[in-house]
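Both complexes below contain subunit A, partnered by subunit B and then by subunit C.
And now, the complex of A and B:
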């Protein structure tokens, strides 16, 4: 694969309610990414957005985003999936050889709509939807129980992941303030409100308002734009079956295959990874995905030292638990990985990383997964 | 910078869908109306699907509409469950009582379907327990004909 660099990025501080117009948010985010490397609208050759018509409250929602996203009379397209999938689309546009700069942006403002209820619309309208028992909350309950019962992992072990991510979030200035908690304990997590047993409120990556944007460029162009590009060395994506009842929720087969594809493409193995930014919808999912990626044996991810200064830091930024802005969350994982590789994660910097992975997902219980292998460029 | 004003739109446009269920589900619902469960079997891997499918995703094999139907019982095994107070359709309000939501593998099938567990104390629920369908008195050939599952 030709080298494609991540050359710029931006996301603003997340919040449960940004009290901000969506048009303005898009403009500031995309302009923020361009400003980060002193580029202008004229430098953009393609724009890929990651939005959802239902979440945006309008059909063909990208039609509305032309001007603020810098897409005025430009090549533009949309991936109605997590932003990390839109990044793959952007990567392909660059690899086509036709583009010098791709803007990839995504995000949503769940303060404007009932996010959890809207998840019901993922279910099969001809069977599961009329009964209305499945949304992201109950799906998470099924997934956590499946994992705990299969491997004998305790709720305490899972609560520790939430504690780590919420403490890391306290060090990440852009995290959702409601997720930041430097003094949280395992007991706090276990005793918080039950969302869907055994998942408690503090184990859940609660939706919040936020947008994110990254800039992609081919090698030659990337080196003109910045002296600290981060290279995409490999990418893999894969998907699990649709019905929850068809899947073994204690593991994540599609992430296993996505990771294999990405690692093979990059010519590395999970052992070569210095740290990981994983999109986890719930605390237990970080463990399931870490195992699928190969960072730990099945049922053993809770034994990893995944703190910022640990053996294999996972989600030093706090992960999605630090703030889950739907459709931006995967892009934020990529951005946080890039920040670390550039040595710019002030206050939560991993020691001298060279190779990172960042993941995105969409669907109940991580049905669709994507994984990037990223490598530090420049000096 | 903040905004003081918001604009809401409440059901300005009625855009409800009427979905055709397809020939396979049509047969499933015809049977449901008669308080019977049917599945269909992949000709290649022999997995039995409830609800029935036109295609086995794993084998990418078409399951012929007129063949491979399997009559099943209304009993099954609880594979997984979760308990919630939250309304699925409206996150803002709370239910007074816990709902136990079960994933049940109908005996003789390889998949699981999701329905409420009825008349069970949350403390008594265990994965692996045997359950059976509690039918609605009046069936209409729709998903709600199955009221839920009770202990077998």
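And now, the complex of A and C:
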């Protein structure tokens, strides 16, 4: 694969309720990404949006974002999935050889719509919607129970992940203030409100407002733009069956396949990874996905030392629990990985990383997964 | 490398909210149930059947139109037992919008013996759901007068778990 670099990025501080309108937010995000490397509108050749008509409250919602996203008289397309999938689309556009700079932006503002009710419409209309109380959170409950019972992992082990991520979030200045808590304990997590037993409120990455944007460029162009590009060495995506009952929820087959594809493409193994930015909707998903990627054996991810200065840091930025802005979270994982590789993560910097992975997901219980292998470029 | 953003980033004090509705109730989607008709017919006779994929032998219960593994139509009808196991479960909290009363309710995924897929179902109200566990054996409780729809599987009753004491010894 030809080298494609991530040359610029921007995401604004997340918040449970941003007072800006969406138009302003998109402009600020895309302009911020361009300004991070001193580029202009005329440098943009292609734009990929990651939004959802249902969440935006209008059909073909990217049509409305032409001007603020820098897509005016440029070619534009939309991925109605997590931002990390849109980045794959942008990557393919760059690899086609027709484009010199791709802007990939994604995000939404859940303060404006009922996020969890909207998720109900993902369920099957014949078997799931009429019978039982199912939405994304109930599905998370299924997944956590299946994982706990299969491997004998306790709720405390899972609460520890939430504690670690919320403490890391406190060091991340861009995290959702509601998620930041430097003094949180395992007890706080276990005793917070139960959303769907065994999932408690603090184990859940609550949706918040936020947008993110990254800039992609082919090798030659990337080196002209910046001295410290981060190269995309490998990417893999895969998906599980739609029906929850068809899957073994205690593991994540699609992430295994996606990781294998990405690692094969990059010519590395999971052992070469210096740190991971994993998009976890719930605390237990971080463990399941880490096992699927191969960072730990099945059922043993809770024994990893995944603190910022640990053996294999996972989510030094706090992960999705630090702020889950639907459709931007996957892009934020990529951006946080890039920040770490460039040594710009003030306060939560991992020591001297060279190779990182960043993941994105969408769907119930991490149905669709994507994984990027990123490598430090420049000197 | 990066330069500071120059444009004004002061807060917008006044934003407007616009009410909007997405008229989902006006949608008339077509969802084919043709492949389920033999299943419904058998449900009315208090019998359970599933479909098996001739390519990978996966038994689907409830029947599916397409086998995702092989991309073929699983069209071999097979007999399915009334006994099942809890595949996974959680406990949800249902709030009555009128009274505000909150009811705890278990939501379970059950997998019928001899099938490969699980689906969502209700547990018997007599089960103390705090004692539910993954692998718990269950049996179908039929509706008294089946009507030939999924509601005929009213709920699932517990069965004696003959191996439970053996597992505890481990």
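Operating definition for what follows: the second predicted complex is superposed on the first by the 374 of 379 C-alpha atoms of A that agree within 3 Å, B and C clash if a C-alpha of one lies under 4 Å from a C-alpha of the other, contacts with A are read in each partner's own complex, and residues count from 1 in each chain.
Rule of thumb we're sticking to: a residue touches a chain if its C-beta (ideal position, glycine included) is under 8 Å from a C-beta of that chain, and two chains touch if they have at least 3 such contacts.
Not measured: the values here are computed from a predicted model.
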- Since both structures carry subunit A, what do subunit B and subunit C do when superposed there: clash or fit? clash
- Item | Contacts of A:226 with subunit B and subunit C, given as first, second, both or neither | second
- Pick one for A:173: touches subunit B only (first), subunit C only (second), both, or neither. neither
- Task: May I ask you to decide whether A:347 touches subunit B, subunit C, both, or neither, giving the answer as first, second, both or neither?
- Result: neither
- For A:244, decide between first (touching subunit B), second (touching subunit C), both and neither. both
- Which partner does A:37 contact after superposing on A: first (subunit B), second (subunit C), both, neither? second
- Message: Looking at A:54, would you say it contacts subunit B, subunit C, both, or neither? Reply first, second, both or neither.
- Response: second
- Query: Looking at the overlay, does A:19 come into contact with subunit B only (first), subunit C only (second), both, or neither?
  - Reply: both
- Should A:134 be classified as contacting the first partner (subunit B), the second (subunit C), both, or neither? both
- So, A:120: does it touch subunit B (first), subunit C (second), both, or neither? first
- Query: Considering each complex separately, which residues of subunit A are in contact with subunit B in the first and with subunit C in the second?
  - Reply: 19-21, 57, 125-128, 130-134, 138, 141-142, 145-146, 149, 194, 196-199, 241, 243-246, 249
- Query: In the complex of these two chains, what residues of subunit A are touching subunit C?
  - Reply: 19-21, 24, 28, 31-32, 35-38, 54, 57, 121, 125-128, 130-134, 138, 141-146, 149-150, 194, 196-199, 226-228, 241-246, 249
- Write out the stretch or stretches of subunit A touching subunit B in their complex. 19-21, 57, 114-117, 120, 125-128, 130-135, 137-138, 141-142, 145-146, 149, 194-199, 241, 243-246, 249
- Note on the structure: The subunit B residues in contact with subunit A across the complex are 1-3, 9, 17, 19, 21-22, 25, 51, 57, 79-86, 88-92, 99, 101, 103, 105, 111-116, 122, 127, 142-144
- Enumerate the contact residues on subunit C facing subunit A in the complex. 1-3, 5-7, 9, 11-13, 15, 20, 22, 24, 29, 31, 33, 36, 62, 64, 68, 87-94, 105, 107, 109, 111, 116-122, 133-135, 150
